[in-house]
Each structure stands twice: as C-alpha cells, then as structure tokens.
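Next come two complexes, and both contain subunit A; in the first it sits with subunit B, in the second with subunit C.
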Partner chain A sequence: MTPATRHPWLIVLNQAPVVLFLAVLALFGARSAQFLQPDNLVNILIQSSSTAMVAIGMTFVLLTAGVDLSVGSMMFVGAALAGKLALQGYPLLLSILAMILAGLLGGALNALFVTRLRIAPFIVTLATLYLGRGLGLWITQTRAMNLPESFLHLGAGRWLGIPIPLVILGTVLLIAHIVLQHTPFGRQIYATGQDIETARKAGLRTGRILASVYIVSGACAALGGLISLTQLGAVSPTFGAQKEFAAIAAAVLGGTSLFGGRGRVFPGTLLGAVLIQTVENGLVILNADPYLYPLVTSAIIFVAVSLDCLRQRLVERLSRRLIRPV
Partner chain B sequence: MSSPAPAAPPLLRFDRIQKSFFGVPVLQGISLSLDQGRALGLVGENGAGKTTLMNILGGNLAPDAGRIEFAGLPHQPRSPLEAAAAGIAFVHQELNLFPNLSVAENLHLTAFPRRRGFPVIHRALLRAKTRALLEQVSLDIDSDTPVERLTAGERQLVEIAKALGIEARLLILDEPTTSLTDLETRRLFDLLERLRGQGMTMIYISHHLADVLRFCDHIAVLRDGELVGSGPASAFNATRLISLMVGRQLDQVFPGSAPPPDSPPVLEARRLSHPGIIDQVSFTLRAGEILGLSGLMGSGRSELARILFGLDPFGAGEILVEGKPLRRPRPIRCLRRGLAFVTENRREEGLCLEASIADNLLLVALRDFAPPPARWIRRRPLQAAAARIRSAVRLTPTALDSHPVKTLSGGNQQKVVLAKWLLSQPRVIILDEPTRGIDVGAKCEFYQLIHDLAARGTGILLISSEMEELLGLCHRILVLRQGAIRDELQRPEFDRERILRAALHTERAP
Partner chain C sequence: MKSMTWSLLASLLMLGVGAGCQRSARQAEGAPLTIGVAFETLQTEFWVASIEAFRAEAKARGITLLEAIADGDANRQLEQIKNFISRRVDGIIAVPKDAQTIIPMIRAAHQAQIPMVLYNRPPDPSDAPSITVVADNYSLTKATVSYMAEQALQTGELHPAMILIGDLGDINAIGRRDGFEDAIRPHTNLIQVVSRIPTEWNLEKAQAGVVNALQAHPGIRFIFTSSDFLLPAIVSALKSTGRYHKIGQPGHIILGGFDGDATAYRMLEEGYLDATGVQDVQFEVVSSIQAILDSRAGKPVAAVIKDPGFVIHQGNLKEMASRMWGAGIARQRRP
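What follows is the complex of A and B.
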C-alpha cells in the first residue's frame, strides 16, 4: 500500500514476537551449545504444547474483548474425570472423550452466563475457576492420582515420526488459524471484538459468536489438559493451576490485544507460548537460580508489550495519509 | 401521501407507529406510505425521531405499537439481518464499519462468498465482488485496505457500497452527506439518481434542506415524534419546511457580520511544515476574528487543525499563542494556553459515549472549577455554568443528564461536544466541521454563539465543508489545497467560484 508500511523499523516491530524469539534463542545459544541442539528445540516445543493449546482457545476469547480465567480449572476437572474413568478400567479413548466433553460443557456454562445473563466475562470465569477447582478436588478427593501407563505411552508416541502432543497441537492450530483468518465465522469474531454494538447492528449474531468462543476455549483447555496428562502421567491437586495466566501471557506476547479485535493464533500465540517455554528451558540449561524464572519471564512479557506499544505508535505515525508528495 | 387512486399499492406503509424510551414518547403514531421507485425526504429537528423511526424499519428496535407493511407483507423484523433479507438496507447516521477489517470484509461481513463445500472464504471471488461494488460508488481503493486507513468520506462510500451489496429494494440513508465534500456529495447524488432510475426506493434523512428539496419526490416532516406535514416535494420550500420543523419562523440564518477586528494576534502559524502533510503554512488569527479554512476533504484542513492542537507532530515551523511560542505542543499544554479543539470525529474522539451527558459536558472545564490548593470541585458554579451553556446550544431536556451520551440523537451528541468546549471559555477555538448533523434551528443559534464568542474576543478558526457557513460567518477565508494555502480572501472579496477554483485546481495526482 503506502510506502510507510515498508519502513524498516516497522518491519522489525511488526514481527516483534519473532524478533524477540530469535533474540532469546541467540542469547541462550551463545551461552550454551546444548541449548540449540535440535533435540532440545523439539523438546521445548513439546513442553510448550500444553500452554500453546490453552492459549489458542484463550486467543479466541481475547479477540472478542473477553477473557477466560477458568481454563486451568477446566483442565483439572477434565483430567480428574479422565483419570477416574481410566483407573476404573474404562478404555483410554472413552476417558479422553469424557475429558473433552467436560471442557465443552464448562465452556458452554461460561457462554451461558456471558451471553444470556450478560455478566462480565471476568466475573463469570472467575466464578467457574473456583467452581472447577472445587469440582476437581471433590472428584479426586484432594489426592494425587497416578494414571495408567497408557497415558504416558500416548505422550511418548509418534505419528509419522512426529510426537503425538505436537500432532494434536499442530492440527488444532491449523484449524484455528483457518477458522480465524479464512472463514466468515472467524472474521465475524474480529468484528464482534472490535465493537459488539456495531456488529449487532450489522446483522451479526453476536450472542452465538460470543458463546462459541467460550466453548472453543473450553475445548482447547481440555485438550491442553490431555497433553499435560500424557506428559505427567498423574493428576495432582494443583494440576492446571495458574494456566490461565500462562495462556493470557502467551497470547499477549504473540500480539493479541486485550481490547479485542486484534491478534492471531499463528504465528502470534504459538510463538508467545514457545517463547515463555524457551526462556525457562534456557534458564534450566544455564543452571540459573529457580527463583529467577518468574522474574525473567515477567521481564520478557514487559519487553514484548513495550515493543507492541512502540509498534502501535510508529504505525500511527507512518500510516498518516500523505496529502502531498514528500 | 394523498395521491388519488394509486395504480400499485405502496411499497412501504407505516401505520400508527409508536415508540417511547423510559416513558418518554419519541414517536407518537406515525402513519406514512411510500411508492416503489420514489425517494422520501424525512426532515425534522435534532431528536425529532427520524433515526428512531428508521431503526424500527431496519430491525434495530421494535415499535411499542403500530404496524409496518413492506412489499405487501407485514414487516416485523426482529433483527437487522431480517430487515436486510426483506430487502431493506440502512446506511446509518454514525458510520458502522470495522476499522480492523478490510474493505472487502466489511462489505461482505454477513454474506461472504464461500468455496464450494467448505465454509472457507473465497478470496478471489470476494475481491472481484468488492471491486464491482466499489466501482459502483466510484471509489478507487484496494479491496484489502483496512478500513482504519480510509478517510471519513471514503468510509461513507464504503457504507453505501455495502447497501448496494445486499441488493436492497429500499435504501435508508440517514444523513449520508455529513462527511462529504461538495464534490463528493454531487457524486453521491448522481449515484442515487441512477439507483432511483433503476427502481430503487429511498428514504433520505438530512438537515440540508436544499438537497432534500432538490432530490426527493416526497417530503415528510417530523416534530417531537409527530408527523406535522407530508406531501409531494413540490408543495414545499425551505421556509415552509423550516417553520414546520421548528414550529416558528426563522427569518435570518446568519447573524450580521461585525467588521474585522484590529486586535493582537492570538494564534499564529509560521511556515508550518510536515513532510507529506502540510507545507509552509503561515497565518495569523486575531482576537475576535473568525477565520475560515476552506478546501476539499483531504486537502489537509483537519490535519492542520490536529497539528495546531498538538495532536500530531510537525517537522518545521513555529506556532505562537498570544505572541509567545508554543513549544512541543500537546493537547494539555494547548488547553492551558487557552486553545480548544472541536473534532470532526465526535464518536471516536469527541465523546465518552458510555458516560453521562453531564459528565461529558464537564470534562474539559472541570479544572477551572476546582481551584487550588485543595482542588475540590465546586459543584454549584459548575452546574450553573453547564446549565447556561446547554441552554445556549439548546440542548434539552435536562432530565436526561444522567443518561449515557450514546442515547442522544446524533445532532444532540454534537451539541454536547460543542458545549463541553465552550464551557472552558477558550481564547482560541478550532472548530472542525462543528455543525455536522445539527438541525437548522440549532445551527442558527450556534452561528449566533460563534458570533458572540468572537465579539467577546475569542479567536475562531472555522473548518467547514459548507460554503454557506464560511461565507456567512467569516471575516477572512483561507483556501487549502494539498496541504498548502493557495488563496486568501477578505470579506469584501468573498466569491464562491474563486474559492472553488483555488480548492480544485490541481495537476492530476499520479
């Protein structure tokens, strides 16, 4: 379009998540040769896949200017249910289905309160956060559950040479990306997030759109829980705790706006999730003090958000329409 | 309409439509009908109920009582989508586009072309359809451009293209020309004429009575939610329309002009430049002077105003307020030096839509009514000042003070913006399209207000697309083209044609 969009700084800032990611890779890579080993990189990807999965659903919600705080609890309920069923001898597939169903139902519950009763998403999902945690603790009798080997086998398994967690994540990511960028429904999500009143006037079924993003988020939370289960092989009472913050951080790091209408799952949210994991992984390899982890992670989030602000301002300055030749 | 024995039944019939908000009646039994292929002009003061009536027709609101018949069938849309499906397109008074989506996406938001068998958007087809629609409204932009990059005028054309996209039988246009220049308005009317020739029925709402009289076949006048007159356009003239609208005679629109003051300058621009935006702009505004800024949309008028008020940066030059340089202008600094700026973009920049009318009114002046050292707000003088201002701009009724601004009619919202700034008693006031969407009666009061402000020594920089307004009010007019001042006219030299020539004359842009 305008020459402004080709401004070198803008190109850099537009890719802020990518740039930051590369910078972090370079930084850790320079300090430890082990870090950049392909095995380690794949490892990072696998470790981040659960957060990434939850963050994909979170992105849907954030795009509508809402928020879903209940994802961590939803993971817990699903995992507790799946674990219980598996321990009672039900087949693996059935417990997985039960888990996803629990996520869908949890999402539907959020959706019901947000769209029908018009309660602020923050409040609704805060309530379901406690509800879910309580329900999970009740199912597990507040005890840690060790799951049958079959879960761990699933997590260690490969399909066409690709680790199963990555297969699940990749599939969902691809679908989510296509839905958001290339389907009418996806574009309507962006419109609703920009201005719900205008969207309603334009004839969009905003109620349905809002409802569906919470259901998507619930489903993604359940799938994220599944990935975690296959990696941990156990359900502890803190399973999924604070996952909501990791997911929001990943989405925001990836350039999603908390005010709705802006953001993408690919590359944005995926990169955000991987970035957080990369930092942790790098710190482990460098043998850093574990108490440093949250500090470094928060610094990264801070830098990313600042970069995004800078970008916004530069875009504003550059995209002023030219009235006369420069 | 009382045409004797019409051959075909009317396309649209309102039958005793009633609507109230919070117990306040807004429509009090409107009955009206409209034939296929005709244009109905709907006029009335701000808050008369025009938009509300159209919202009922367009499925945004349900009437409290009464029936609508459209194309021979009862019409009770429960949503805008149902109204659209019935063949009714609504171009809203406030533009309703999504700045974060592309032009193509905005045009097809509820009816994307899909790939066969998949719910996936067919991008190539989408672009082609969009190009065809944009061509119909003579808009030459890329279909993938995000709407946030478009000017107000371009956005308006996109809105109309959207209505064409649903192949409507009835097109509702609620003040469609408020953000268009003369040239664009003429182009719009050419387009509307063509559509009418093809059998499109239209309802046209505007405060530009001349446009309504020229374009429409029938006219209906609303006053306080009642139909106070309707008939063929030929039965009306401007004077009659105005007296029906306001319920009284308005003999003079512009206050008599005072001689240009010979006072010290309050605002000076010296060779202001910013690459690609404005070039070597110099002017002097004296205390008590009304200086007009003319030019086509996109000539840099609004950009200049934004620069003067510190909203946008500038590369070179100098701004002086009351003889002293204004270094690194920011809105807050400009405010303290006595500058005020009424934006042309009221919904996004001028108002807090969710906040109450009272809160919006008091936003700017609050500091002045909270004297140091404690800076507690002096409620009583503040309320008194607010009451004075609101009666000056005829913003009624006071009972609605605690309601959010968004429930006001479009014109009344504009009055809130104006009143807000007037309350701070500025030394210099920059007005960017201040009378957009304001009815004739209020316009008249508003002109008087500007005139009085100037008489009391406020310097006024008036940006307007309405030539009448500039000619009627200003002491001096500057003409802007491509970001530079091309002509300057003193009152005795005022000449419509000379201004247009200076504004238009251009070596075709590449």
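What follows is the complex of A and C.
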C-alpha cells in the first residue's frame, strides 16, 4: 500500500458503495421492522439477481471503456425464442440453450462491428438494441406469451436450500470474479480499459479482448433473461426494456468507472444491483408515494457518482508529483 | 441567377398548385381517401388489436391506410406526421407518445388543413384544435373497482388492497389511478390501500413490486392492475406464495384489471379474475375514422369522443365476451 492509498479519506471513498448500501439498509430498517426480516432480505437478493447478472456482463464491457446498450433487447430475443420453443412443446433444457445461444450470437454481432469495423460501441449496441427489439416483436408477434409452469417451477426451486436464481447468479459471479481478479485475461481487460494504445503496444491482442467482453455481456444478458423468465413465467413485448440502464446504474453504483480500467463484479456490481432493488423494496414496504421512487433512486445514483468523482480527484491530487521541493 | 430563382419559385408554385388541384379533383371524383395512421408503439396487444381494427375498417370503407410506427420516439413521430402532411393525406390518426410532444404536430396538421384525430391518448390543453377519441379511463376504472369493492363488501371482512399504477407520465394511467382511489374512498372501513406500486408499464418491475408488497402485507386480499398486460406478474407472484385461488375458493384474492386483453379473458374464463374494464376497440376505431370523414364534410365533431367501455365480470361474461377484443385473440390462439 502506497502512502497515497493509505489516505483516510481515500479508504472511506474506496468503500463508498458499501457505506451507501449500509446507510440505505439502516434507513429503511429504522422505518420498518419488516424490512430487515431474513425472508425479505432473501427476497431482495432474488429480485436483484436478474439485474445483477446483466450488470456482471456490463461490468466486463465498461472495464474496457465500452458500453453495451443492447442487453435488454438480447434478453427479449432470447426469452421470445425460449418462449416460442417451450410453447411448441420442446423440452425446457432446449429452450434454455436456445436462449443462451441467442445471447452469445448477439454478443458476437456486437463484437464483430466493434472490433472488425471499428464502429463506436455506443452506436453499434444502439443499433443492435433496435434490431433485437424488432426481432423479438417479430418472433412474439407482439403477443404476450404465458409459458408452461416448468419455468416458474425452476424459479421457485432450490438447490441445497438455496433458491435456483441465486445459485445461477452465484456461479456466474464466482467465475467472473476469478476471471477478472486472478487470471491474465482479467488483467488484460483492465489494461485495455486503462489505455488501449499502451496495451496494444505492450503486445496485447486488444481486438480479441474487446470481442470477448461483448460476447460475455451477451451471454450474461441471456442468463439474466432466463432468471427473469423463471420469476415471471411470461414474455411480454416490453420484456427487458430499459434493462441496460439498470445494469449500467448497478455497475456504476458498485464503483465501476464509465471511463474503463476500474471496477469489480464482487462486491461492487453485486452491491450496486442489490442496492437498487433494496431501495425499491424499502419504498414498497413503506407504501411511499409512487412519485418518490424515481427521485430517491436517482438521488442515490447521484450520490454514488459524486463520491466516485471525489475519489478520482483525490487520487489525482495525491499522486501528483511536486515539481519544486517545499 | 435571378431568372434561375424565379424558375425555381415558379416550379414550386406549380407543384403546390398541382398537389392542391390533385386533392380537390380526388375529392370531387369521390376517389378513395388516404388516411395516415401514426402509432407511437406496437408494444402491447392493445395497440396491435387497434391497428388491425383500423386496417379492417379502412378496407371495408375503401380507404387507403398509410402506417407509421415511431417506436416510442416523439421526434420520429413528428417526422412521420410531417411526411403525411407533405403527401397531402386526407386525414391523420395518431397515437401520441405523450400529451405535450403531440401539440406541434396538431398545429402542423391544422395549418395544412388536414383533420387530425388522436387515438386513445388525449393531448394537454392548448390552442391547437384536435379531436380525441379516448376511453373514459377514470369512469371505467371506477366502475370496475366498484364492482370489485361490492364483492369485498359482501364478505364483511377487512380487505387490505394494492394497486399497480402505470407510467406516471401517462395521462391514461393517472385517470385509472384516480378512478381506483375514488371507487375505494367510500369503503375505507373495509378496503384499505396498503400498497401503491409504480410499474412504469414494466412487467418485471410489476412482479418485483407485487412480491415486495405481499411480503410487507401478507394480508392483501384485493389487487387492481392498471393494465391487463401486467396480470402475468401478479399471477406469478401469487403462485410463488401459494395464493393463487379461483373465485369462491378459500383465500381467493379479488383481482381486477383494465384493457380487456387475451390473458384477462382466459383468467375470467378459468375463474381467477373477478372483473376488468374493457376498452371498446371497435368503437374507438370506427369513431376515429368517422370523425375524419365528418370533419372533411364540414360537419360538427366533438373535441373529445369518449369510449364508455364496459365492465366484464363473472356475471356477464357470456353476453359481453363477443365485444371484448382480447376474447377474439384468446380464441385464435387455442389449438
């Protein structure tokens, strides 16, 4: 630890997501005893799992200073495809595989345009957002699809006493954390996000790295869609709509920088996703005025981003070299 | 240079006169009319059923229909309507993105002397004249929730209640919320609203909200959703807590909705849904086209044509199902 990173304010600001999360828990817990009941806390975790899953993929992309706006549409296409297959009598496993394949293909399409044609990720994924939504509407014919009970059973199931959505999330989270923090590939993602030119000059195959993160994001979007399907048991034409914003918000709340090179899926992104759901849950429990929901959620995102900005400025100030000795 | 400018102006003038002459000639000869239909989105069954009804009605009347979908983008809708105006259509029917952004579009159509009808969504008050065909969201919800309240009052027991509110920026969602609150108000001794969930018309948000509310208030016995398309969210939440029971069975939660879609019809048939307020798609579509024709003929047309809709419930299901737009879709889907 360098003297700069030992600065007390920096230590506090580095833990901003945790501090914010604990503050929200304390605030709602003080207003309602029901809020901190174990059942409710598990409920919050289950409800966060879909957004958290999509946000894990989004973190990979944000770490390379990119963005993936198509995740909600990828969820929709995958869900529409899975729903169509399930309603035609195909086995549940095949529907799930088709869903994941759709996510992988969507991610690969983004990767192709970003790396081969060098189009800005924002533009590419905006285009695939519309493409995916159109494709999903075409598959569903804008009709709501009520899926077989097997989807709901999957969502309500448990493995070793742990709800299935949390098992899926936990597995992916563990893999993502290990990949990012303990493998050369993870370090290459951070290096690419910090300075792509330097990374390229250092011999990293940045094209492959960028392509991989969009494919990971597509796969995570599909899995997030799967978790949602097991909760809802239905696909509506608005399925996955605006999920990209929730995923970006979760990653940023968890301390991931929009400029790349900084962030962690655990605890960062997970905490961010849980924080958003915790706020919604707390407001419902308190029967808050519906107009307050967007105000409170945006205030929390604003506080988190401001804290991140403060942290960044403090790091810059502490690492500034003195030109003249005092 | 000067002569070139004059030639250009003359050409434009001739084009304009030509278009005007074409239009008057078409009117005089009784040639088929062209109506531009600009939908904000097709992302719910209601809008799909509506556009299909427009196609059928236009075909029956020998009208050519031009269609444009804005995919939720108000600017795109403005361009689409300008395009209709430049093509000199005989009338425009629009489902606006919201109550404010449509006002410049109404002004543009008015300046071009093209009658414009707003379908199912009214504009904010302004000096821009238009005709709106809209369901009476407030009254229809009030009637639906009053029916549900009657069912609750018959038991003489306390009914904690929940409402799923739509997008708070949607005037129809607000009308439905107000109708719900006013229907409940006289019965607060037995029906108490313990949870108001803002869904932003999002199924996942609705599902999370219902689960949260059931966690906080396990005694909830009365649920109203501002749109039937959110019913799957309620059903899945009730199933996951083992509280999805048919009418008449112990533990049944009184359920009601608004729209009259295929899911609502199926749930009514199966005996899970108590009532829903049905928007009369056929009435709204016929009234919209008729309003354009009447306007063009110089006949007086009301600024707001209200679709009274109707409440469908277990007591009148058989006789009213034929007028419920979702019933047709549900029957088509059956193997």
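Please note the rule applied: the second predicted complex is superposed on the first by the 307 of 326 C-alpha atoms of A that agree within 3 Å, B and C clash if a C-alpha of one lies under 4 Å from a C-alpha of the other, contacts with A are read in each partner's own complex, and residues count from 1 in each chain.
Going forward, a residue touches a chain if its C-beta (ideal position, glycine included) is under 8 Å from a C-beta of that chain, and two chains touch if they have at least 3 such contacts.
All figures in this text were calculated on a predicted structure; none of them were measured in a lab.
Engineer: Which of the two partners, first being subunit B and second being subunit C, lies in contact with A:Pro184: first, second, both, or neither?
Structural biologist: first
Engineer: Just checking: does A:Asn281 make contact with subunit B only, subunit C only, both, or neither of them? Give me first, second, both or neither.
Structural biologist: In the superposition, A:Asn281 touches subunit C alone.
Engineer: Where does A:Thr128 make contact in the superposed view: on subunit B (first), on subunit C (second), on both, or on neither?
Structural biologist: In the superposition, A:Thr128 contacts neither subunit B nor subunit C.
Engineer: By residue count, which of the two partners contacts subunit A more extensively, subunit B or subunit C?
Structural biologist: Tallying touched residues of subunit A, the top partner is C.
Engineer: Would you sort A:Ser70 into first (subunit B), second (subunit C), both or neither based on which partner it touches?
Structural biologist: In the superposition, A:Ser70 contacts neither subunit B nor subunit C.
Engineer: What is the contact status of A:Gln194 with respect to subunit B (first) and subunit C (second): first, second, both, or neither?
Structural biologist: Touch status of A:Gln194: first partner only.
Engineer: For A:Thr297 in the superposed arrangement: first (subunit B), second (subunit C), both or neither?
Structural biologist: In the superposition, A:Thr297 contacts neither subunit B nor subunit C.
Engineer: Tell me which partner A:Thr256 touches in the superposition: subunit B (first), subunit C (second), both or neither.
Structural biologist: The answer is neither, since A:Thr256 touches no partner chain.
Engineer: Would you pull the subunit A residues touching subunit C in the complex into a rising list?
Structural biologist: Touching subunit C: residues 32, 34, 39-40, 43, 47, 50, 130, 133, 137, 141-144, 146, 152, 155-156, 228, 231-234, 236-242, 277, 280-281, 284-285, 287, 289-291, 293 of subunit A.
Engineer: Tell me, which parts of subunit A touch subunit B in their complex?
Structural biologist: Going by the criterion above, the answer is residues 1-2, 178, 182-185, 187-188, 190-191, 194-195, 198-205, 261-262, 317, 319-326.
Engineer: With touch defined as at the start, can you tell me which subunit C residues reach subunit A in the complex?
Structural biologist: 42-45, 47-48, 71, 165, 168, 194-198, 201-205, 207-209, 211-213, 215-216, 229, 232-233, 235-236, 239-240, 261-263, 266, 329, 333
Engineer: Touching subunit A in the complex: which residues of subunit B?
Structural biologist: 60, 79-81, 84, 92, 96-101, 105, 109-110, 112, 114, 119-121, 123, 142, 145, 148-149, 151, 275-279, 298-300, 303, 312-313, 482-484
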